[in-house]
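Given below, in the form of structure tokens, are the structures.
After this come two complexes, each holding subunit A, first together with subunit B and then together with subunit C.
Moving on to the complex of A and B:
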């Protein structure tokens, strides 16, 4: 499997809003996080939802976000995180600190 | 022109599952399910008894397998490492079959980290290990609030965590399913796996409760 990103890399989620069956939650679009792990490759749900085969498979990652980056008024501890599964075509390389 | 106007072009309904008990008319797919089921019965392809038995089988599938996995991990350090590295292989090792297409990530609670599971988009849940999800897991308030204010929600469940314990929320958005490996409580030294499994409740495995000794 060719995965574009490695664990520990900082990435940004595309701030895109296409119609359809999108598994990237709104609350992390445009946010930066760090690759927690590569989950493997899976058929693309955006295609499967319309009865197509979803091929070629896409790399799926778990991306870790700092809660305070996701919700500027987050009330919990600064180290708290939320991990979200995101397909590769929703991720872009990003500089700097993400979830750490 | 606004680049992102919350308007007609967004079809939230396609991805976003409405609240579990929002009432109102039956959704399209549910109507289709009933129609298809009635046709299959009418044509003699399946019987109402078969449908009931399958529903009963799914309802009966509780969290005991998830609890077994935890009890083994508590008693066998090497098993725990293998389980954390590959959740599915850890289940296979215990002879837990019928896992369907489960891709399992096991997340470990420690002195410094507390994990909790949610599915904000719908209600993804490791059914082969935990059975059917409770209604609250599928409810909008849980799904909305667990990512937004997890400490407040955990407190409502009775889990109050000090500030120096990191809360890690896992949003089950795609193909992975999650199981929380709770911390083994004090006062359980020398317990058998079976006895240990008895204090691992379903809610412990979701991350909204902690195993308690003397309450099982």
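Moving on to the complex of A and C:
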């Protein structure tokens, strides 16, 4: 499998809002996180949702975000995180420490 | 723009976590959905898309399996498995039969 990102890399979720069946939650779009692991590769659900085969398969990552990054008014501990599984075509390389 | 179903993180009331038994019709909807999956007539992502496409009022007002049966109906009409007219007539037929049964066993 050709995965573009490696665990530990900082990534940014694309701030895109297309219609259709999108698995990337609204609340992480435009946010920065760190690749926690590569989950594998899977047919693209955005295509499967419309009856197509969803091929070629896309790499899926578990991305870890700081809660304070995601929710500006987050009142919990600074080290609290949330993990979200996101397909590669929703991620871009980002400078700096996204989850820091 | 945020789509209606994509509501993660929005404020809302407490979640009702009490257990409840599924009604007979709900079990039937579940069985139909399983069969459609086995016959490659409905994929999970297609099912989710139809549910997400429900108007916000329907999405909020309907129960879990009400959303399912509507998704399944829209999907099978789209696939040409039956027409809206056939489904509408069948629903009327079943309603009439059940009304008659209620009358008989009252």
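Operating definition for what follows: the second predicted complex is superposed on the first by the 99 of 100 C-alpha atoms of A that agree within 3 Å, B and C clash if a C-alpha of one lies under 4 Å from a C-alpha of the other, contacts with A are read in each partner's own complex, and residues count from 1 in each chain.
Basically, a residue touches a chain if its C-beta (ideal position, glycine included) is under 8 Å from a C-beta of that chain, and two chains touch if they have at least 3 such contacts.
Everything numeric in this text was worked out from a predicted model, so none of it was measured.
Asks: Clash or fit: how do subunit B and subunit C relate after the overlay on subunit A?
Replies: Overlaying the two complexes on subunit A (C-alpha atoms) leaves subunit C and subunit B clashing.
Asks: Tell me which touches more residues of subunit A here: subunit C or subunit B.
Replies: Looking at subunit B versus subunit C, the one contacting more residues of subunit A is B.
Asks: Looking at A:27 after the superposition, I want to know if it touches subunit B, subunit C, both of them or none. Which is it: first, second, both, neither?
Replies: In the superposed model, A:27 contacts both subunit B and subunit C.
Asks: With both complexes superposed on chain A, which partner does A:17 reach: first (subunit B), second (subunit C), both or neither?
Replies: A:17 sits against subunit B and subunit C alike.
Asks: Which partner chains sit in contact with A:45 here, subunit B, subunit C, both or neither? Use first/second/both/neither.
Replies: both
Asks: Check the residue A:60 against both partner chains and state whether it touches subunit B (first), subunit C (second), both, or neither.
Replies: Only subunit B is touched by A:60; subunit C is not.
Asks: Which subunit A residues contact subunit B in one complex and subunit C in the other?
Replies: Correct list for subunit A: 17, 19-22, 25, 27, 45, 49, 70-71.
Asks: Could you list, by residue number, the parts of subunit A that touch subunit B in their complex?
Replies: 15, 17, 19-25, 27, 39-40, 42, 45, 49, 60, 62, 67, 70-71, 74-77, 79-87
Asks: Quick one: in the complex, what on subunit B touches subunit A?
Replies: Those residues of subunit B that touch subunit A are 4, 9-11, 14-15, 103, 105, 120-121, 147-152, 163-176.
Asks: Please name which positions on subunit C make contact with subunit A in the complex.
Replies: Those in contact with subunit A are residues 1-3, 6, 8-9, 43-46, 48-49, 52.
Asks: Show which residues of subunit A lie in contact with subunit C when the two form their complex.
Replies: That would be residues 17, 19-22, 25-27, 45-46, 48-51, 70-71 of subunit A.
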